[in-house]
Structures are given as C-alpha cells and as structure tokens.
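Each of the next two complexes has chain A plus one more chain, namely chain B in the first and chain C in the second.
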Partner chain A sequence: MVIEHKWKKWVYFIIPMAGFIIFTLFPFYWMAVTSFRPDGELYRSWRAANATPFWTLSPTTEHFRDLLTNTAFLQWLMNTMFVALVATAISLVCGLFAGYALSRLKFRGSEFLGTAIFITYLVPQTLLFIPLADIIRNMQIGNTPWALILTYPTFLIPFCTWLLMGYFKTIPKELEECARIDGATRFGAMVRIVFPIAIPGILSAGIFAFTLSWNEFIYALVFLSSVEEKTVPVGVVSELIRGDIFFWGQLMAGALLGSVPMAIVYSFFVEYYVAGLTGSVKG
Partner chain B sequence: MTSDALQRERVHVSRLTRALENEKLLAVALLAPAVIILVLFIAYPFVMAIWLSLTNLRVGGVGEFVGLDNFIKAWHDTIFRTVFWNTFFYTFWATVFKLALGMWLALLLNRHFRMKRIIRASMLLPFIIPTVLSTFAWRWMFDPTFSVVNWVLYHIGFITVRLPFLSDGDWAMWCAILVNTWRGVPFFAITLLAGLQTISPDLHEAAALDGANAWQRFWHVTWPLLMPVTLVVVVFSVIQTFSDFQLIYVLTGGGPANSTHLVATYAYQLGVGTGLLGEGAAISLFMFPVLIAVV
Partner chain C sequence: MAEVVLKSVNKMYGNVQAVKDVDLHVRDKEFMVFVGPSGCGKTTTLRMIAGLEEITSGDIYIGERLVNELPPMDRDIAMVFQNYALYPHKSVYDNMAFGLRMRKFPKPEIEKRVKDAADILDIEMLLHRKPRQLSGGQRQRVALGRAIVRHPQLFLFDEPLSNLDAKLRVQMRVELKRLHERLETTAVYVTHDQVEAMTLGDRVVVMKDGLVQQVGEPLELYNQPKNKFVAGFIGSPAMNFVEISIAAESGGLWANNAAFQIKVPPAKLEALRPKVGKQVTLGIRPEALQIANGSTPVESSFQASVEVIEPLGSEILLNVRCGTNDMVARVDPSIRVKLHENIRLALDPARLQFFDSDCELAL
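Let's look at the complex of A and B:
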C-alpha cells in the first residue's frame, strides 16, 4: 500500500486518535475521580491555588457508603436488572417466533406485517408516553415493574424481530426439510434445528435489548412513582438531587455503580453487541 | 390423572400439533404474541394520543372535545415556536457533527494498529452507558462553580473569567449538542466501520495507482460506496435526536428560559409536570409529521 512518513502518521493518525480517546473517555474518568473525592476537595473553587482536579489526594469511599446505606440504590439496581431481564426474555421469544414466521412461512400479508413491525421500530418512546401513562393507569399496573416489563418490548420486539429475521435468512432451508423428512413437526424443527443455529443472532439481539432496557428513561420516569420501585437512572435523577442541591459525590458514585454492570456485560460480549448494532441498521 | 383424562390430553395435544403443521395457522400462532403487544402498546396509544390531543383533558378531570384547539394554541404559542425551532437546530447540528466525527473515527479505526480491539471496544462506551448517568458527568463538568473545563482553560491561559456553559441560552444549546455528539459518535463510527470493512482494498489501490490522493480516494471511492449505510444511520440518528428527552432533561431541564427545550421535554413539562394531558399529547404529535418526512 501507500508508504507513510513518520510525521504523517502522527498528524493523520496518532494525534486525532488520541483526541478521540480523550474526548470519549474523559467523562468516565471524571465520574470515577469525583466519586472517590471527599467533599472538602470536591467543592474547592476552580481558582483556588491548591485545586488539583485531576486526581484525589485523599480518596474516600464515603459517597459509596452513603449511597448504599442511605438511599434505595441497591433496590433500584435489582429493579433495573429484573425489568431488563424479563423484558429482554419476552422480547426475544416474541422476536424469535415473529422473525421465523416472517422469514420462513408463506402467508398472505407477510410483507405488510414485516413493514409494519419495522415502522414501529422507528416510533420513538417520547411520542407516546402520555397516552401510555393513561393506559398503564387503567390497567392498574402503574408503579409496578410490570408497567415497564410490558411496555419495553414495544421497542425491543421490532428490533429483535428485524435482527433475527435477517439471521434466519442466512440459515439454509434444507436443514429443516431434512428434519421434517425424519418426522419432526414444523414447530419441532424450528425449535430444535433452527433456533440452536441462530444462537449467535439470539445473543446479539439479547445483549442489545438488555442494554436498551437498562438505558430506558422516560417510561420509567413517568410510570413509576414510589422510591422503592424506581430504576437506577430514574432513582439517581429524582432522589439524589434534593431541591436545588446536587450531591455530586453521591451522584457520581451512583452513576459509576449504575454503569459498571453495563460495562461488564458489554466487555464480555463486545463482538455480539457490535453485530447487533450493525445488524440493527441493515434495512 | 385417570387414563381417560390422559387419553383426552393426548388427543388434544395431537390436534394442536396437527394445527401447527398448517403453515398459515402456525404463522398466526407465532406472530400473535408480538402483534398483540405492539397493537396494545403502540397502535392503541397512538390512536389514543390523537384522541387526547383533541380534548382538553387534565389529570383528574374529564376531557371535552375541543377539536384542533390544542394544535392552534401551540402554533401561536411563542414558547412552542422556540421549542420547535430549538429541536430542528439541535437535530441538525448534532447530526452534522456526529456524521463528520463518526466518519473520521471510522476511517481511523479501519487502519491496523496495536491494541485495536480494546480501543474500538472502549470507543463504544458512551453509547453503552446509560445516557442519564453519563449526562450527569457532563453536567458536573459544566458546573458553574466547579467546572473542570473552566479550570483547564484558565490555567492554559485561554480565559480569565469563567465561561457560562449552562447558564447562557446559546452556550447551553451548544453544550447539549456537544454531549449529544459525544454520545452518538460511537454509533456512527461503528456502523460506518462495518460498512468500510466491506469495501475491497483493491479499489483503493487501483485509485492510488491512477494517482488519486487520500482525499480523492475518500471522496470518489469510499464515500459513494458507503452512501447506503450512511443514509440509514443518519435516518436512525435524526429520529433519535429529534425525539431526544433524557439528555436535555438531565443537562439543562430545558432552561435557561426555555432556550434548550425540545419538543419531547416540553410535552413532558406540559403533560406530566402541569397535568395538561391534551396539550401535552398535541405537542408530542407535532413530532410525527417530521418523523414521517424523514423516513
């Protein structure tokens, strides 16, 4: 390929890449540094001579201890986990079935349904939260995890269906036909032959759906009201700011603890996540 | 279970399996759960949103049909006009920056270098971490009294007085655009990178042999081939940005003086904050024609 001079490599690659890395990661570094900093150092004016913003002289875990003992943070963490897992499971089952039907079975209206599901994928949550709040209230499930477990699939199912449909199309039909000649039912062939082959696709869809539900904010904000039912994002926003006062140490500790599970899940499944992400835009 | 019941059960099961052998019946059975959830929680709320927007319903009250009053009222409301304009401004600039920086980052990541996997993985972090939580980190970085950005700029010697990041309307809008860009660049970069990897290096070598420089190779070879992926990514991003809520809610709450309110945050303020469900629903629905136009 083209031979590069050393200075060119610096100008065209190393410096911009370093810029991107700093820009991307600095807020997380800042989050972490702040959460371990005692209040005395935290609230030191930016012009004070002894201000050392980039590191902490005497790190402390007081914010974490405070967060875990004086707020319902652990409860929020459990709520978020429960909602995200159940909503993801429901969406995966619905998405697997619907994706299989749309990609393999011949029936009238299959194209129309495929398009309709794709369109619902594009409906943003912020368009419908007001009437949905009303429906949730009428169904008597307001302020329970079920309000979220039933509504999160509205943006997860279209995504899962779409992704898995694409995946099923890459699996040769002959495999199922063989199984059916050997006496398997249609349903059996689907569950025992096609689904196991689709496991990478299922993982991608699952990881992506899980991160989406962990991130969701507006439904959780509108549908939940009592402190102990909240999810992490909503709890941090509504309970760690009292009046106009921001408890930055606790806020950053909460943000860090709320992010870590996501980062761990992500680090194990980066490749699947990327596959889900890039698959999600293959229209 | 008696043998009789067992028998009945077996007949029942075999009837079900036989029904599922029929392609059409199986399709109906498989699609039913997804369709029921989507109809119940998307199609029905959508119809209800239109109905609500035509009434003057408040929380705890009984709504009366008022026709298009809510829409007309919103259209003549100066705050709403500001909000609508803000939303376009925010979406336009955030998308431009995300596309430009995302493309640049994708091109950088497409090269071979040490620690490529870990760097690529860490570049996606802003997209993985819950937006609300990372936006708090930004808000803290923009804090009027304790801003680290001010500290750095002051010590480099760029500024002598602190910058009004979130307390001045224009500054706040650009800060929101910056944070949105920060969050969205990974999505652009990774999807564009996937597109880039499908482009054969032979094309680049051929162009290089013909004397094309790096910029020409990008503009005449890479860009046209990436066009389909780029369009899809931009459509997705525009929809997400136009309907953005959480970032603004946390960073500025729409202030100062409504200068960063977007349609979604304003609808929330009216519909949930003030309890004017009809007006709030009408304002959310203003998003709809724009979204349709984008698709």
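Let's look at the complex of A and C:
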C-alpha cells in the first residue's frame, strides 16, 4: 500500500481501523469489566457522583467464586466440551467423505445432491427444533448429551461438507492420479495424499463446527431440562436469570470462562485456519 | 520393457467423441510422441493407457496383458504430469519413495533406488526439501525421479515441459532424450509442441479431432505428410499453402494461379493427371523457396514482394506476398533484400507437395 501523505494514512486507515477495533472488542471488554465489578458498583446509577461505568476501582473475584461454588458451571463446561467434541468429530468424518465424494466423484445427481445438502443448512433451527423434539422424544434420549450430539450434525454436516468440498476442489486432481499410478487405491490416495494436504481445510471446518456447537442455544434449551445436563450458554442464562433478576456479575463471569476454551482453540490454529479459508495449495 | 498396443480405442464423453478408433503399436523401448492441437484427444489417449480414463470401446495391451479393466496401480507404469503433481506435504525423498513404499519394497532397496535416481538427475542435495522450496526445473526433475525409481514397464509423459521457460525446456528436452537412451524403457509422450515431438520422438503420432492423422518417424512426417493438416502442423515456420488449378499444356501439367504458373515436376505427373481442370492445394516448405538467380528456369519461379523481414541470425525469414497469397521463405542470412522490394523466388520442384482441395489428402 503506497500512501503519499501522512494525514491520508490517518484518515483512510488508522482512524477507521481504530473505530472498527473498538466496535469489535468493546463487548468483550464490557464483559470482562462487569465480571470483576463488585455488586455495589454494578447496581449503582450512571448518574451517581461516583459512577465509573467503563472501569472498576475495586476489582473482585466474588462472582467467579460464586459461579464455581453455587452453580453447576464446571459440570456445564464439561457437558459443553463433550457435546461439542463428539458432534464435531462425527460431523468432520461425515463432511470429509461427503465433501470428497461431491468434489471428486462424478455420479448422477452429484450437483443436485450438493445443492440439496446446502439447502438443509439454510433451514432455520428455530423451525427444525419442533420436529427434532418429536424424534428425540421417540428415541428417548431427551435430557441426555446424545440429544445434542445427534442433532448438532444436522447443521454441522452440511457446513463441513461445503467447506471441505471447496477445499478439495483446490487440490489438483493430478496428485491423486499420480498416487493411484504409484500404487495407491482410490481410497488410499484419498487418505494418504488428499487428506494430509487438506489439513488446513479440515482444521478450519473443525474449529467452525466446534464453535457452532459450543455456542448453540436453541436445541440445548429445548432438549435438556435438568440443571446438571445443561451446556454453558443455556446453563448460564437459565440459572443466573431468576425471574426478572439478572445476576450480571456471575453471568459475565460465566460468559468469560465459557469463551476461554474457544480463544485457546483459535489461537492454536489461527495459521491453519486462515490458510483453510483462503484455500491455497502450493505444489 | 514392453510394447503398447491400442486396438480401435474409442472414448466418448456423453455425446462427444474425444478419441476415434485409434489403432497404434508402440514398439518395445520406443519413444512415441503424441502431438496435436489442444482438444485433439492426445491426452485422453494417454490417460486411457494410464487407466485414469475408462475406455468406451476397444482394447489396450501393455506388454502381453490386456489392461482394459486393470486399475492404474496394477499397470506397472509411471507418469509425469504437466503440473508435476508432487505431493506438497512430502519431502523430495518421500515423494520419490512413495511409489516404492506403496509396493512394499524393503527399505534398503528404496534407499538405493532413490539415491540412484537422484544421482542420475543431479538432485541429491534436494532430497530433504519440500516441493515448494524448489524451482520449476528442480520440480520437473523430482517428478522425473519419482517416475524412474519405479523401473516401470512404461513411462507416460503428459506435456511435462510446458510449464518451463524456453531455455530450460530445451535443456530438459535433451536430458529426457539422454535419459531414455540410458533407461531403454518404452515411453509415450504427449505434447502440443511439434518441435518437442520432432526432437524427442522415435516416432510421432499426429492427432486431430480424436483421429490419428499419421504415424511416422519425424522426417517422414516432415517430408511425406499424408494430408494437409500434418503438413501444416509439422514444421516451423509452417508450410505455405496456395490454391492452384491444374492445366494440361504443351505436353506437361501446369499449376496455375492468378499470380504464377509453375510446371508440375515429373514425379507428380501421374498423381495430378486426374485433377486436370480442378482445384488443388500446393504446399511449399519455407526452405523450398529461395531467391532466384539467373539460371533459375521461369517455370519454377515467380514474382513476389517482400512484406516483412525476420532476421533470425542463422537464417532470414521473408514474408512475401504473391498475388493474394502470403508465403514465408527461409533464405540464407547473407542475402540482402529491402522491404517492399519485388523479388523473384525460385522453388525446388522436387519438394513441392500437392493436396486434394476437398479431402485434403496428399496427392
């Protein structure tokens, strides 16, 4: 980027960028500040003489202690982790094979099938949870993690399939052909050559699927009823909003702790993740 | 070591026929080149030999075996692709060893073969690198190395040099030829570049629209093309074509055109006699045209004006215009002509070729 005047750089780059960063990060900052703010400050009027809405002068960990001791937060965390991991794994495996088949194998109706899978992803969850609830009840897996593990793939598999299908298309098919001449079967070439090359795509599909399951709310709200089976998003909201009382401190502490695992996952795989989304394979 | 036989091989893509009734016999240890414009079916034919495309009808034999139904891995072939197709996640060594590992070769044998191939191709120092750290020429060598470690019955090359720059391409061409002499393995090579075809091939197959036009040694194709397409495709600059009519006059046959009149050489009399009064196409190689001197007979020369001069150093290409016909003459570099000058060009009667204007077959 060549910018001839300094002020232009400020006007066109630094100021808009700063605005954008503040806009994006402010909710997280607000969440963090609120979770460390003592109750006395939390419920003080903004017009009070000693109000400090944007920071706190006496940070406290009482909300965290309260969250961890008086609620089943750790249990929720474990539930969410379990559900997200298993649902992601199932979806990734299905997505890998489906994405490969749709991008590489020519068969009758493959394009129609690809579009059909994509359309299922567009069916809103708010519509789908009603029939799914019926299925869950018939299968008698309501109020167990399996209710979520088996329903999350309904939106995760189409998503993974499409992301991976796009990625597989960027891998030259000569690589596979060469492997097949070198002595691999079609399946062998897929597993030994295509999948390793597709790791950035697989990782980003996995991260996305994991995030979607981690944050999922409606199915978790509908299919789980007992406190100890709940996931973080549902548990925090249903247990820390009692009637019309919002326990803001604990709510935000829960939100903060709930987003830590995601932040760790993202920071680990950020490079792969970017490569996966931009989809470039250099031979 | 094996010969390859194709018996009336056809390939249909839906309603489009990509390859039509190809019959071909590639001899043992032969370097056979398929050449033709893009979409002529040469790559499809190669891929059918490799087993990457199914055959719609016909038979393919490699060695003694009918391979129609064999998967690529069981055909004992190695292939070099246009984009090299190196496995990006494997080192050069692992790329070369992959085929051997898949075939469960013992480790010391794999090591020996990879080292040997690396030695032949001069890439020992690259063995631990990843493909993305290599230049185009080095990748090309690795792709070759991956093919030769396998000691296959048959090498298949799919335009392996077309991604290299011009200088490197010439160099690799020579190396490929040397390699083939050393390994003595049957090879089938696809290219759209007729120079590559002529320099590499023991024999060359010229294809167009899915049909084999002619199979022959390079000079045979050049000197005795079977039809107008082969004549025009082989050779650079391309053969000049002039529409003429044949007339019988004073005991001989004459090739007439609005701009010139040339006596048909005795060797062609028989072939052209039935064409008297009809249109035929006259083909003249650029080097069969020279500047006329005093001793040139009138019946084998004509007037032309110089339109463009291309001094290439070792020769000069003159683009001339004669009546409505544009022609190229390849003349000695010592010759001095001026732009738009009117010159008299002599043609070598022995090197004239005639083609039927309708079916384009050589007469």
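The rule is short, and it goes like this: the second predicted complex is superposed on the first by the 252 of 283 C-alpha atoms of A that agree within 3 Å, B and C clash if a C-alpha of one lies under 4 Å from a C-alpha of the other, contacts with A are read in each partner's own complex, and residues count from 1 in each chain.
Basically, contacts are C-beta pairs under 8 Å (C-beta built on N, C-alpha and C of every residue); 3 or more make two chains touch, one makes a residue touch a chain.
What you are looking at is a predicted structure, and each value in this text was computed from that prediction instead of being measured.
With both structures lined up on chain A, is it a clash or a fit for chain B and chain C?
Fit - chain B and chain C, as placed by superposing on chain A, sit side by side.
Regarding the shared-chain residue A:Leu57, is it in contact with chain B (first), chain C (second), both, or neither?
Neither partner.
By the touch definition at the top of the document, which applies to A:Ile264: first (chain B), second (chain C), both, or neither?
In the superposed model, A:Ile264 contacts neither chain B nor chain C.
For A:Pro172, decide between first (touching chain B), second (touching chain C), both and neither.
second
For A:Ala18, select first, second, both or neither according to whether it touches chain B, chain C, the two together, or no partner.
Neither partner.
So if I put the vertex at the Cα centre of chain A, how wide is the angle out to the Cα centres of chain B and chain C? Nearest 10 degrees is fine.
Reported to the nearest 10, the angle reads 90 degrees.
In the superposed arrangement, does A:Ile193 touch chain B (first), chain C (second), both or neither?
Second partner only.
Which of the two, chain B or chain C, is in touch with more residues of chain A?
Answer, by number of touched residues of chain A: B.
In the overlay, answer first, second, both or neither for which of chain B and chain C A:Gly183 touches.
After superposing on A, A:Gly183 lies in contact with chain C but is clear of chain B.
Considering only C-alpha atoms, give the closest distance between chain B and chain C in the superposition, rounded to the nearest Å.
9
So which positions on chain A get touched by both chain B and chain C?
In the superposed arrangement, which is not itself an observed complex, chain A uses residues 185, 281-283 for both chain B and chain C.
Can you tell me which positions in chain B touch chain A when the two form their complex?
17, 20-21, 23-24, 26-31, 33-35, 37-38, 41-42, 44-46, 48-49, 52, 101, 104-105, 108, 111, 113, 117, 119, 121-134, 136-138, 140-141, 143, 145-148, 150-151, 154, 162, 182, 185-187, 190-191, 194, 201, 204-205, 208, 214, 229, 232-233, 236, 239-240, 242-246, 249-250, 263-264, 267-268, 271-272, 277, 280-281, 284-285, 287-288, 291, 295
Enumerate the contact residues on chain A facing chain C in the complex.
Touch residues, chain A against chain C: 172, 174-175, 177-185, 188, 193, 196-197, 199, 281-283.
Okay, in this complex, where on chain A does chain B touch?
These residues of chain A touch chain B: 1-2, 13, 16-17, 20-21, 23-25, 27-28, 30-31, 34, 42-47, 51, 53-54, 90, 93-95, 97-98, 100-102, 105-107, 110, 113, 117, 119-120, 122-135, 150-151, 153-154, 157-158, 161, 185-187, 211, 214-215, 217-218, 221-222, 232-234, 236-237, 246, 248, 251-252, 254-255, 258-259, 262-263, 266-267, 270, 273-274, 277-278, 281-283.
Per the contact definition, I'd like the list of chain C residues that touch chain A in the complex.
By the definition above, chain C touches chain A via 50-52, 71-73, 75, 77-79, 81-89, 98-99, 102-103, 131-132, 139, 146, 150.
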